[in-house]
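Chain IDs A, B, C and D follow the sequence of writing; residue 1 opens each chain.
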Amino acid sequence: MNTLGKYIRLTTFGESHGPAMGGILDGMPSRVQIDADRVQSELDRRAPGRVALTSARREPDKIEILSGISAEGLTLGSPIGFIIRNRDARSADYSAYEGKFRPNHADYTYHEKYGIHDFRGGGRASARETVSWVAAGAICRQWLETYGIKVEARLIETNNIGEIAAKGDSTGAIVDGMITGLPVGIGEPVFDKLSARLAQAMMSINAAKAFEYGDGTAAADAIGSEVQDKPFIDPQDGKVRFKTNHSGGIQGGISNGMPVNFKVYFKPTPTIMQPMDTIDTSGCEVTIDPRGRHDPCVAVRAVPVVEAMAILTVSDLLRYAL
Amino acid sequence: MNTLGKYIRLTTFGESHGPAMGGILDGMPSRVQIDADRVQSELDRRAPGRVALTSARREPDKIEILSGISAEGLTLGSPIGFIIRNRDARSADYSAYEGKFRPNHADYTYHEKYGIHDFRGGGRASARETVSWVAAGAICRQWLETYGIKVEARLIETNNIGEIAAKGDSTGAIVDGMITGLPVGIGEPVFDKLSARLAQAMMSINAAKAFEYGDGTAAADAIGSEVQDKPFIDPQDGKVRFKTNHSGGIQGGISNGMPVNFKVYFKPTPTIMQPMDTIDTSGCEVTIDPRGRHDPCVAVRAVPVVEAMAILTVSDLLRYAL
Amino acid sequence: MNTLGKYIRLTTFGESHGPAMGGILDGMPSRVQIDADRVQSELDRRAPGRVALTSARREPDKIEILSGISAEGLTLGSPIGFIIRNRDARSADYSAYEGKFRPNHADYTYHEKYGIHDFRGGGRASARETVSWVAAGAICRQWLETYGIKVEARLIETNNIGEIAAKGDSTGAIVDGMITGLPVGIGEPVFDKLSARLAQAMMSINAAKAFEYGDGTAAADAIGSEVQDKPFIDPQDGKVRFKTNHSGGIQGGISNGMPVNFKVYFKPTPTIMQPMDTIDTSGCEVTIDPRGRHDPCVAVRAVPVVEAMAILTVSDLLRYAL
Amino acid sequence: MNTLGKYIRLTTFGESHGPAMGGILDGMPSRVQIDADRVQSELDRRAPGRVALTSARREPDKIEILSGISAEGLTLGSPIGFIIRNRDARSADYSAYEGKFRPNHADYTYHEKYGIHDFRGGGRASARETVSWVAAGAICRQWLETYGIKVEARLIETNNIGEIAAKGDSTGAIVDGMITGLPVGIGEPVFDKLSARLAQAMMSINAAKAFEYGDGTAAADAIGSEVQDKPFIDPQDGKVRFKTNHSGGIQGGISNGMPVNFKVYFKPTPTIMQPMDTIDTSGCEVTIDPRGRHDPCVAVRAVPVVEAMAILTVSDLLRYAL
């Protein structure tokens, strides 16, 4: 379904080649100062064509906030509705795809599940959807900042993206995320643990294949006596801190005051600029000769999306714990 | 919070050293045949002391089903309430822990969040909670079987558990899960994708640090042209299948008819049979000299829990998609 | 919060004097034929200035559907996003209200709860919000019709509205609703009974003060032996029907195949065209000399809203029971 | 479904003639002092056979709290699980009902919806279910009291119950509820208004046919100028109060600090001690010759249930608004 969160809830809509994307952010406290320009800048940061190594499509991605924020920029406590028009659809580019299942893409599953699918740009399955997540995240970020909470992500390149792009191929990569300033006590046992909710949020992102936090996959090889995060009283402020952070800032699903660090692993962009063998909706073998705009590495544009999803998750759980 | 799922929902309660654990499984269709003996066997399979290499605590873990199933074993369509008594608490074993934060455990975060915490056995943070998940999973499994859906997990040992146990230390390990027979179309974009919901469920399990499906973390190193799952028509039954399964049976968050395979990475059991330096609730440095029963590798007993969580997740999404 | 329903969910946003109202209807099955013109006609039917005895404000209330429906009018199974621009705000009319709590209105409670309130037109508390409910209802109605389910409401005038309007006063009234064609089995015990969910939906409508179904308030005076709905086999089709319908089509919270009939009681429009004594936000006694446009009887325009809310409730529960 | 509320959530289970009723109350803050004896007293107050004019069935209704409360009576912040055993089933009394649809009862709708139904005592449709609501309400009441919030209900007799009981007949009645001490600001627009959520909760009670608050049904006859609740500053404490309370303490769906008063209208107990004509599951005309224990007026025992449902509703919304 299309709602994320329980207390601060984002509900979204929009197909890649429809008139607009958009969402409703419900549950924000009232009287939080929101700078709409900063929301716009985060969309600009995500926009294709503005990031090196991303596809050439150049959408203005201009957000229009329709409710929930006063003329003075204060939240009203009412739901914040917003839309971002799709202006640069150029459907013609996609005619080569009609009725053909792109490998590793959602075409087949959407076609089977819904009995109706837009093969042009993926419809609801398109990564364009994440523009609404980034918009909502940019709003919530300003609320989190009032608590001193910061969320940052960065790309960890695994292969040389430029080289691979030159061949019309694609590659996976890793996005590393970090949440700092989170107070102790965020996360709700036993099914809304901070770790579990972060995992769900991150694995909602297109092309995400793995999530880990703290020691992550390496924890499976670890020896108990070697990875103990020993607590101590920080003489500077008398607060409890930990000498190491194997736990990744989360113990028992609840933040422990240390930075929350996590990684999201992304697969290569499914569509590459090389002929792809597949079948079409009638089961015939066909070849797709790809055109249009495609990122050689979907993870590049996922960086602000990872931030947004972490922000939304933390906001939701913070709102509940307050 | 303590409810998993939206359509088939499991709500649980219970502290490790309280009178009982239990849950309510709501949303099951009526007239599904449930064999209560099979539910009991799954609990037996999970029980400590019955699995080699797990702690010696020997709870009968006898389930009492209190509602929702007729005398003839048919579901009534009403919520299925059940309890499992805690019989073998032996609190004395835990006196060494009173007021001391075990490293990497939930003691500190629970103590801070709730202002009240049972240091004896972890209270709500104890892995004992998973007995209710296994019980509910064992009920839902019988429903999934009527659709030919099977869920299996197995341990992948990373270090030699016996050797480590002998030293009073602990180790992490991996649990590998597989869902077969799942029809195409299970999973709900964009926030209840099968992958996202599996991730949430798995990361809810005590000591889980990473989740991956399909190519998982390896996808970040992959080259797009080398990991395409090409669809074809299976001549045996005329159905669409895929030549490879890098996608792990999920595309666009929706099952594609191929086996869904995933891995969960577990950290070492936090409590080891060696002295552990830490602080207590008043900030004093103390040493815990552990007693009681502890598993050298928490992942061993997590195997049936991983199965149960996969079953509950699939059941919920299947119920919605039907 | 701003979401109605669990399986077919409507989430809305918008303030009376903001740029737009709108909503997201999530959970609709795919491939349902939707006639957008019929959606527009239902908005026209609700619109002020088009109904006799309602205020003169004349908004075009043009709906713009932004997602979820194909060019051919088929639902895609994805969320249906829509907006309705607010074009005719004329805030000047409302200057008389600034900072003054209109009696029986939401001014005081919103001001206290949110610490920020738009006194011009009520902001989120305005009945303008219901335009989104009517829009969503008009979409779902077309789905319900494929099952032969019809929902109709009508006004029961209690006082002579024209006479009262002439005095600048206002009056309450009753809206009577009827759902026909509903199959047996709709409604989910014990907290999502059809009766309970209808009650919640109706009492969400601005100015609603009472809800009843079947015998309603009269049931409290009834004698058991005189109100038994006796079932019989209808010789025409061999189906079970009931000789009377004291139950109002609902037994144990579940539809029994008879028409579901209910009533919603509305209070008089709070704002009247006469001076009103009250206090302002600083506690000073003030008089409001009302201007602007006001309905003498809010129930008149509530008729299509009652229909919409019944449709949304039935759609949600039908989707679950299917 | 079987969960009430969003933030403080009660999930229940149990069939009238099964082993036990019970529930899980999730979301309670930690460190609230709970007197278990007071919970038991509220169950005693509800119990049949203890109230004049109710059926003779004499269940001990002994609550067993299984989790979520410490030995010292403090909530732990974890879910509170509880069960109440069914001890006095005497199924024999009900053999006269097997396969026969009692008029105005849930037999027909349950039988059709679930395809399996316990005709002995109504199974899940029995009013026995409300024992869990009263138990949970009794816990939450103690939390509300720390805020000075009180909830009381009383019976308004419409017919002479004793006279009607003597004839083996039954009658409806009204339960009047009052919530005092509620702070301003409780209730969440636009779909979780205090009025809407109270309506849902009350209409979930067996045999409830109408709900009203404030002026209620009389509001439909009212003239606007005559029912204005004028605010003023109370000289005693400088707080805003209202000269009258036509609004019933709720404006715009949000509490305004005045007492919240409401009424619930109950139909007569469906089963009377007179022969009842009906049909059975095979469509044959049959007569039920009732035996067993039946209340002449179901509303009598509904009084504590109305209180419990008001408490649970207010607790949920208070928890969110805090």
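Operating definition for what follows: contacts are C-beta pairs under 8 Å (C-beta built on N, C-alpha and C of every residue); 3 or more make two chains touch, one makes a residue touch a chain.
Remember, it's a predicted structure, so these values are computed and weren't measured experimentally.
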Of all other chains, the one whose Cα centre sits farthest from subunit B: C
Of B-D and A-B, whichever chain pair has more C-beta contact pairs: A-B
CA centroid of subunit A to CA centroid of subunit B, Å: 26
Intercentroid distance (Cα basis), subunit D paired with subunit B, Å: 36
Sequence positions of subunit B contacting 2 or more other chains: 1-3, 6, 12, 78, 113, 124, 189
Subunit C - residues contacting subunit A, complex: 1-3, 9, 11-15, 18-24, 26-27, 30-31, 64, 66-68, 70, 74, 76-81, 83, 113-116, 118, 123-124
Of all residues in subunit A, those that touch subunit B in their complex: 1-4, 6, 12, 101, 103-106, 108-110, 112-113, 124-125, 129, 158-159, 164, 169-174, 184-185, 187-193, 195-204, 206, 208-217, 219-225, 227-233, 238, 240, 246-248, 251-256, 265-270, 272, 274, 276-279, 283, 285, 299, 321
